[in-house]
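There are structures below to look over.
Two complexes come next, and they have one chain in common, chain A, joined by chain B in the first and chain C in the second.
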Partner chain A sequence: MKRYFAVALGILTAIGGFVDIGDLVTNAVVGSRFGMSLAWAVVVGVVGICLFAQMSGRVAAISGRATFEIIRERLGPRAGTANLVASLLITIMTLTAEVGGVALALQLASGVQPLLWIPVAAFAVWLVIWRVKFSIMENVAGVLGLSLVVFGVALFLLGPDWGELKDQALQQTSHPRETPLTYWYYAIALFGAAMTPYEVFFFSSGGVEERWTEKDLVTSRANVLVGFPLGGLLSLAIAGCAATVLLPRGIDVDALSQTVLPVAMGAGQLGLAIVILGVVAATFGAALETGLSAGYALAQFNGWSWGKFRRPAQAARFHLTIIICLVVAVLVLLTGIDPILVTEYSVVFSAVALPLTYLPILVVANDPQYVGEHVNGRLLNAVSSVYLVVILVAAVAAIPLMILTKAGA
Partner chain B sequence: MADLPKHDSPGQVLDLNLHILDRQVLDNHDVPIGHVDNVEVDGIEPGRELDPDAPPVVTSLVLNSGLWPRMFGGRPPRSRMHLVPWSAVSAIGTAIELGQPGSAFDVTWSEHWIRDQVIARIPGGRHVPE
Partner chain C sequence: MGLREAQSAVGSATLALTTSQDGDTTASVAETMVDEAGTRMTAASKQATAFKPTDQRTAAQMEAVTQALGDADTAVRHAGEALSGYPGAPSVRSALDELKQSSSDLERLAKKLEPPR
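After this line comes the complex of A and B, so read on.
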């Protein structure tokens, strides 16, 4: 019974934890501009994150080695350092976006300026990382994040033309206001939003934090293979809401209020209250994950002592890294930069950094010294190799497309 | 693994590049203390053929202080390198395990300094998260 409960709880937190500010913003932007015609990019991204998280979770459970220890070990000093710098920059950028997202959501709830909420949100994030046990932190944030299911409820209550949404997704109707370049730019953005590198750092390090062993492989696989696709469905519901309400009215998404507007229209005031709770929980949860991930990445690369299962004094450099990253995020946000803009850039840069993280995991998931008998099967290796190509193409194309489309403008 | 040379001596055959360099180093309580940045090898003199009867020996691991020279060349002064004698190594798997606590090695000084000066001074820094 306890085991089923653990599996169910893991799946629920995986769903609630899947959506972060990147998914909230990118899916709403895409829904409002392209309808459901980029739904395939979400599906491709979700399958990718499942492959990636499943492999790194297996390596962590059996060898006890988290992702960045493996990156350092397999890529060596040069490529490893390049990956560290890129991953840290993107993770700090994502952390900035998440803290900004918490502030924006609290502004929606309270009317108080986000600039005042930013230091409060960052301090709360630090306090939770400093004092709260890993499992409690993960479960509370994940379960509260589930309130985002209200996007799906709102979509039903809005009563859209389902045939129309299906046609948009399958028949690729033309978009008179868009060019093919912006279409592909946003395809990469959605891919990057679903496959953010920090999710993998967090997932594998979390496995070490919770002392997974071979026995936990089933639980971890269920979390990934059921939780993440359901989280992806939530992403599609966000896009669907935007496609139903914002697209026909020609409303562009440039603030969080437009992302939640369809919920207010479909599910009324109660829906709005629930969705704001969900956005706060999802962005706060993701801020915890990105803050920890920045610490995990630097500590694991350097071989420092890390982890929330230790007292902060026994992982001093790890905790100092997190504090510095949070201070940087607050300082960046206090310049008055728009968190939505930071989010839009962070998801695209995520796609750029993916290959250097994906490749070492794929190699080690085939190494019996690390995973014993649980090496990748042939089918998994075939699919993973196809994904390696997809990830490489997306990474190479991202920056040129960003320049050519002026970041999707 | 096919092209590894046959070895007569009993025990484990390790590829220095694959199994030692850039591996995580743990102390005797499984606490991470560093990564192997480089190794010190004794028994190689420039310009002299290697003697098969007295092969070169790895004497020390260089932890967290040899990445820069490995990338860009050069050699840091010995006082700047954190050396761990090979004799301290107790096991080699997906990580290299040492037989002594981390505080026995000077590579952990920055951890101790940051702990004493910063982290332990913040309230709650010495408590387990609840």
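After this line comes the complex of A and C, so read on.
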């Protein structure tokens, strides 16, 4: 019974924890500009993150080692350092976007300017990382993030023309107001939003934090293979709400308030309160994960003592890294930069950096020295190799498309 | 030339005002949305100002765009004032009418000027 409960809780946490500021913003932007015509990109991204997380979770459970310990070992110090720098920069960028997202959500709840909420949000993130037990932190944020299910409820209450949404999803054509280049730029953005590297650093390091063993492989697989796809449905519901309410009115999403407004129109003020709670939980949870991921990456790479299972004094450099990253995020946000803009760039750069971590994990998941008999099967290897090509194409195309479309303008 | 951004801002302010009037949204969310629409209008105006006309025809078009953006900016500002509800502020109904007028002006102008993107 206890095991079933653990599996169910893990799945719920995975659903609630799947959506972060990148998913919230990108899906709403895409829904408001392209309708459901990019739904396929969400599906491709969700399958990709399932493959990636499943492999890295298995490696962590069997070898007891997290992503960056393995990256340094397999790539050597020089290539490993380049990998670390790129991954760390993307993770700090994502952390900045998440802290900004918390501040924007609190602004919606209170009417107080986000600049005042930024230091408060960052301090709360640090305090929780410092004081709260890993499992409590992960489960509370994930379960509260489930409030975002209200996007799905609101979509039903809005009573959209389901046939039209289905046609948009199947036609996969660019909206008349958009160009094919912006269509592909946002396809990569959605892919990057679903396959953010920090999710994998956090997932594999979390496996080590929670001392996964071979016995936990079933739980880990269930979390990934059930939780993430259901999280992906939430992403589609966000896009569906925007496609129903904002697209016909010619409103392009560039603020969080526009993302949640369709919920208010469908489910009233109660729905609005629930969605704001969900956005705070999702962005706060993701800020915890990205903050920890930055600490994990640097500490694991350098062989420092790391993890929340140790007392902070025993993992001082790990905690110092997190504090420095949070300070950087706050300083960037206090310049007045729009957190939504940071989010839009972070998801695209996530796609650019993805091969750097995906390839080493794919190699190690096939190495019996690390995973013993639990190496990838033939089918998994075939699908993972196809994804390697997709990831490489997305990484190569992202920057040129960003320049050509002026970041999707 | 900033028309698309202006249309989006006016649409957003209209939606904020409508949902606030219907009681679907809270005052803080509606006010935030209208504030953001105002910021977007400023960006749209900047974009229009940066556009340098090369002949008399485009100069005339620019004049029409500037006029429409100015009207839209005023409509969004009035929406903010209507939401704040201080004495002498325009009523929500008149602010909505102004936004709708501005929206149809922008749409007409956009159809005339912009090729499909």
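What to note about this one:
In this text, the second predicted complex is superposed on the first by the 407 of 409 C-alpha atoms of A that agree within 3 Å, B and C clash if a C-alpha of one lies under 4 Å from a C-alpha of the other, contacts with A are read in each partner's own complex, and residues count from 1 in each chain.
Keep this in mind: contacts are C-beta pairs under 8 Å (C-beta built on N, C-alpha and C of every residue); 3 or more make two chains touch, one makes a residue touch a chain.
Only a predicted model underlies this, so the values are computations on that prediction, with no experimental measurement involved.
Chain A is touched at more residues by one of its partners, and among chain B and chain C that partner is B. Shared-chain residue A:Q269: touches chain C; no touch with chain B. In the superposed model, A:D252 lies in contact with chain C only, and not with chain B.
By the touch criterion defined above, A:G372 reaches neither chain B nor chain C.
Once the two complexes are overlaid on the shared chain, A:R65 sits against chain B while remaining clear of chain C. In the overlay built on the shared chain, the residue A:P400 is in contact with neither chain B nor chain C.
Per the touch definition, chain C reaches chain A in the complex via residues 4-5, 7-8, 11-12, 14-16, 19, 23-29, 31-33, 36, 40, 107, 116-117. Residues of chain A that touch chain B in their complex: 63-65, 69, 72-73, 76-78, 80-81, 130-134, 299-306, 308, 311-314, 316-317, 319-320, 369-370.
Interface residues of chain B facing chain A in the complex, by the touch rule stated above, are 21-25, 31-35, 37, 63-64, 67, 70-71, 93-95, 102, 110-112, 114-115, 118-120, 122, 124-130. Against chain C, in their complex, chain A makes its touches with residues 107-111, 176-179, 182, 245-246, 249-252, 254-255, 257-258, 260-261, 264-265, 268-269, 272.
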